[in-house]
Amino acid sequence: MSANTFGKLFSVTTFGESHGPAIGCVVDGCPPGLALTPDDFRHDLARRATGKTRHTSARHEADEVEILSGVYEGLTTGTPIALLIRNTDQRSKDYAKIAEQFRPGHADYTYWQKYGIRDPRGGGRSSARETTMRVAAGVIAKKWLAQRYGVRVQGFMSQIGDITPAGYDLTVVEDNPFFWPHAAQVDALEAYMDALRKSGDSVGARVDVIADGLPPGWGEPIYGKLDGELAAALMSINAVKGVEIGDGFASVAQLGSEHRDHMAASGFASNHAGGILGGISTGQPLRCSTAFKPTSSLRLPVDSLDIHGDTVEVITTGRHDPCVGIRATPICEAMVALVLIDQALRHRAQCGDVGDITPRIPGHVGG
Amino acid sequence: MSANTFGKLFSVTTFGESHGPAIGCVVDGCPPGLALTPDDFRHDLARRATGKTRHTSARHEADEVEILSGVYEGLTTGTPIALLIRNTDQRSKDYAKIAEQFRPGHADYTYWQKYGIRDPRGGGRSSARETTMRVAAGVIAKKWLAQRYGVRVQGFMSQIGDITPAGYDLTVVEDNPFFWPHAAQVDALEAYMDALRKSGDSVGARVDVIADGLPPGWGEPIYGKLDGELAAALMSINAVKGVEIGDGFASVAQLGSEHRDHMAASGFASNHAGGILGGISTGQPLRCSTAFKPTSSLRLPVDSLDIHGDTVEVITTGRHDPCVGIRATPICEAMVALVLIDQALRHRAQCGDVGDITPRIPGHVGG
Amino acid sequence: MSANTFGKLFSVTTFGESHGPAIGCVVDGCPPGLALTPDDFRHDLARRATGKTRHTSARHEADEVEILSGVYEGLTTGTPIALLIRNTDQRSKDYAKIAEQFRPGHADYTYWQKYGIRDPRGGGRSSARETTMRVAAGVIAKKWLAQRYGVRVQGFMSQIGDITPAGYDLTVVEDNPFFWPHAAQVDALEAYMDALRKSGDSVGARVDVIADGLPPGWGEPIYGKLDGELAAALMSINAVKGVEIGDGFASVAQLGSEHRDHMAASGFASNHAGGILGGISTGQPLRCSTAFKPTSSLRLPVDSLDIHGDTVEVITTGRHDPCVGIRATPICEAMVALVLIDQALRHRAQCGDVGDITPRIPGHVGG
Amino acid sequence: MSANTFGKLFSVTTFGESHGPAIGCVVDGCPPGLALTPDDFRHDLARRATGKTRHTSARHEADEVEILSGVYEGLTTGTPIALLIRNTDQRSKDYAKIAEQFRPGHADYTYWQKYGIRDPRGGGRSSARETTMRVAAGVIAKKWLAQRYGVRVQGFMSQIGDITPAGYDLTVVEDNPFFWPHAAQVDALEAYMDALRKSGDSVGARVDVIADGLPPGWGEPIYGKLDGELAAALMSINAVKGVEIGDGFASVAQLGSEHRDHMAASGFASNHAGGILGGISTGQPLRCSTAFKPTSSLRLPVDSLDIHGDTVEVITTGRHDPCVGIRATPICEAMVALVLIDQALRHRAQCGDVGDITPRIPGHVGG
């Protein structure tokens, strides 16, 4: 029930403020016997990390994960896995001024209205720093899903501003700082981002995630639908304003004869649905898409309010990405993985494990 | 934890299959002392009802709600409120054939793969008939929110196929069968739908919901965010493929200087955020949008599969709307109301009630 | 999260007041494919039913269960199973007087203080009538546990007033109205109860439940322990004031060398623990015990208070058992079964199913 | 849903193994604005601490709590409060032998059977070391309950072996190492414990907790009853085998005319119920009692089993209390406080805060 907990059976509880002593999480419900070391977290945390390119902000944190519990001699034991990252880059600066101001587009105003108190340092709890622990927890989920079921989760950026990919080659996604699926556009994106940064402004982004290898049958009707939980998971990421499954909003202008995916013995003929029907996986690749708003922290001045009700001018001088979406790909992947592992565990609770069940349809492998 | 339960403190558990004996729900957590009679449900159930116009399917059900518990002498008592609707229009027909076929675009295949058994009559549990109980539960939520906080939730259709409103006048929404906000377009929509129905095909729709009157401070970071829960709520409705908050996917192509909403002592200058920052309400009107795919049940034949793995041709002959989105407006409203009441109760649990708290910002009313 | 819901994965939500239109429950999470008909409920509902003997109150209700959903052609489908029992024996009488009085030992006063409103007819929601649905839900749990794992749950009465069994023969429990495990004492119990009823007074009781056949490994540390959940389940039954696992309070005066159960290759040498160590089943028979207070509704007058703060004399004239514990045996069994099925499902979610796991200890069958 | 989480609205998630790097917890849902510093934890942690007297084991840990999040400038912010205690006294020793043995009376066997892997160092997750974090979380709950509602929670020992208090003077409880309510017996208890320790054996204990100051109305029917949740909370403590509310098991032999508490305008005439009726607080002092089994780790050898299925002789040589109950008083208090704060928040969610409600009964203060 904790609002800082995600997942029913594979539960992730995160804690920590941007500039507090540490951030961390407790992962409960992980199956026992999974090999896990601090090294497992390095790759995805680096993918998410600030300072990776000149297009992302320059916070230099090691983000070294300490495993505090739940692992014995390199294997998970079934007890809660606590992960901790110390905040080493807590710049001492005077927060007195910003403590009384509400930055437009940020959660300053709403936290103040809700709680009557807030930690103003770096956005406090509302900072995207919290997503570090989502990525860490997602590493565990991804690893188990891959080993147990062969599930693979991959994200990429599908739009920055009004630029969309001229092609989709997922093998090049990890080779550029934008997680962009078309190598020939990377130079243009670099130029676009440089110009944007110089202007002091920012822009939005769209991130897609594909998961393949999942069996048919994951997802729980009615309020625990796979797509419903993906929507909650992705919408809970900082700066997200929209979520689509499969064809998403494009479905509005489609005809039924076009949208519905025909089926044959060899599988589905198309995947407008994005791998989910009735809230349950079809066995096809899962496809979802997430809209990120532009960064709200800008060097450009803006009118705002302070806690006394007075008008103030706010200018953000610190480090900030001109496009928060750039670092969002591993976060989106993590949230998809967290949804999938939770549904996988729930499925085997109620229906038995995949493979325990006689294949439902003779000669048919699903998907 | 039940997958058929929505909400943490104002919990709605629905049950029932499309052609089973009855559908119903249990609403737990409703504050005591709210006046409630069967009459309260009539208006919204009629708005949702099939058979309202020639554009929606012709199932003629009274949908009379029986209150089985939780109300004494016309007032809620704080104990669970069970609502029941008998399914009176269960046409006797031969389901033997469709019991073995998977209709493309439907949950037939996935329920079969998940459970190894399914109720094939009218889609069983996956039928949109379930949404009747969402609307019923939403009636209670709307009524309490209106009386206690003055919150008002109103939906309208914002797109059918590629037709969008030429204007937005919410006072006309209830005067036409499409919940369309521009009266001058209604005749054209009628013609469009008639042509569509003749063709045997269907089309998607988009529904917007606006909620005003809510105070700042509702919503729980991080995984209980107001927008995260709206996304889950709306995505859990049958046929939904996308959810947006505020500017949604349009934010991707916006600049930060454009998107972030300036603040002054008199309030926010704009509402790109849709009334939510950091997962918490700002006090501005809440704005969200939902994409519905086109109806999958068509008179047009389509290739599919049966449970033996053989190819079959499926033709749907029964009653079906050419646009499922037409009846979705009250359902979307209900889900928004259910999210809001739950957050309202959670807010006063942790932070005290609105009004108990000294106004945070002198001379400022919020929003 | 609903306070009227029991269980995390096998969730039972009950509703209904003693003299309202109906009582019912929604069982969600039941595995698909279990055979289930209204007949399945008859035996246990009859065991619990009022009017069974002259020692229990004379409410004559058929308690016929209607299955509203979740079952298709006699098999559970994995969707929520709603059960309904109409209250047919709602005597019309004047509740005006008791509506303003608080009966000592009852929940009248506390419901009034909590909600400011209550249904006074027959105790409303606080009536033991609610336990009918626990028994009904327990029937489903027992059936699945027996078929899937061979688990058998059996209760008996182990104390009435200060009378304890002179012997324990569980084969005679179902042959007498007290669920008493020693046939030779039944006549004396009859005489004791007759005298008690004549006196207008009542007495407490103790009920034991034994469950055997459960595998080692069920139960979740730390706050989801098997014994912790049994305690919650049993203490939630009306009139319960104490719960013990294994030797219970007798453990306080035991030495460690006496209490700890030695282990050998053939199994445990004793079972002081009651089949649970560290919150997890050992594979031995589960043993728990529950204390019921004496019935509070007596013909003997008692001073009390009314809602105006005035002193009143309360006399209960209606039908009431002189010992509420007599009918409690099937209720206790049901609650144990509900705890066990929930833990069984949670165990296979995290750890895989029993049998999927290589036997942990060579040549050892557990327990 | 995490099994390592306690509480619905005031949620406490604990983690950590006895000899792992650290233990800790995340407290979510704490109301904002509560003053909190590391000093607040010292008193209760010292009361629980090992090494306090020669009757408790000699583990010398500072148990210094670090607040990692959720507190800004000395006040809680409404975001999750993470608490951490490093395990400084991790003696390096050879665990190879005990890693393969099951100590009778411990969770070794059941963890092995459940997970197929366990951390054998000091009992791992099943160690009573976990209760340190319950006490820490309980400190926050107690402080808020005292400040907001004037609730006071006090425990004491009511039985060791077969010794019971000759009198009840709660003012002396904190003056002796046994939390014993009768000063004149303390010397005899010292002698008893010395003899017990010399014998190598151990004994059980009973701990009572009284909470006063709570208003009528806390507790949620039916499965969220105050007594049901107390039972779960107390039974989840290591070594607990029984829980009683009010007169508990003594109620079994009581008559109804004796047990039911008469009411007058001045309040209740007695408190057999222990302050709870129908699962809801009456406003009288809450009374509950908990049975602790004797310590299972003894110097006396015992037959047991190892993971290969072979018989072994187990002798515990390490530090262990001859009576685990001695340190349990602050743990029981903490669990009672955690139940109460959760119910307090849930009550004001559904029913509004105490004081918001017009006094239900004129001239009556409750209790």
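Going in written order, the chains are labelled A, B, C and D, and every chain counts its residues from 1.
Please note the rule applied: a residue touches a chain if its C-beta (ideal position, glycine included) is under 8 Å from a C-beta of that chain, and two chains touch if they have at least 3 such contacts.
Bear in mind that the values here come from a model prediction, so they are computed numbers and not experimental data.
Centroid distances from chain B, each centroid being the mean of CA atoms, peak for D. The chain pair B-D and the chain pair A-B differ in C-beta contact count, and the higher one is A-B. Centre-to-centre separation of chain A and chain D, using mean CA positions: 38 Å. The distance from the centre of chain A to the centre of chain B, each centre being the mean of the chain's C-alpha atoms, comes to 26 Å. Spacing of chain B relative to chain D, judged by their CA centroids, is 44 angstrom.
With touch defined as above, residues shared between interfaces to two or more other chains in chain A number as follows: 1, 3-5, 8-9, 14, 29, 32, 78-79, 114-116, 125, 221, 346, 351. For chain C in complex with chain B, the touching residues are 1-5, 7-9, 11, 13-17, 20-24, 26, 28-29, 32-33, 66-70, 72, 75, 77-82, 84, 114-119, 124-125. On the side of chain C, the complex with chain A involves touching residues 1, 8-9, 29-32, 78-79, 221, 345-346, 348-353, 356. Those residues of chain A whose C-beta lies close enough to touch chain B in the complex are 1, 3-6, 8, 14, 102, 104-107, 109-116, 125-126, 130, 159-162, 201-206, 215-225, 227-236, 238, 240-249, 251-265, 269, 272-274, 276-283, 291-298, 300, 302-305, 307-311, 322, 325, 346-347, 351, 357-358, 360-364, 366.
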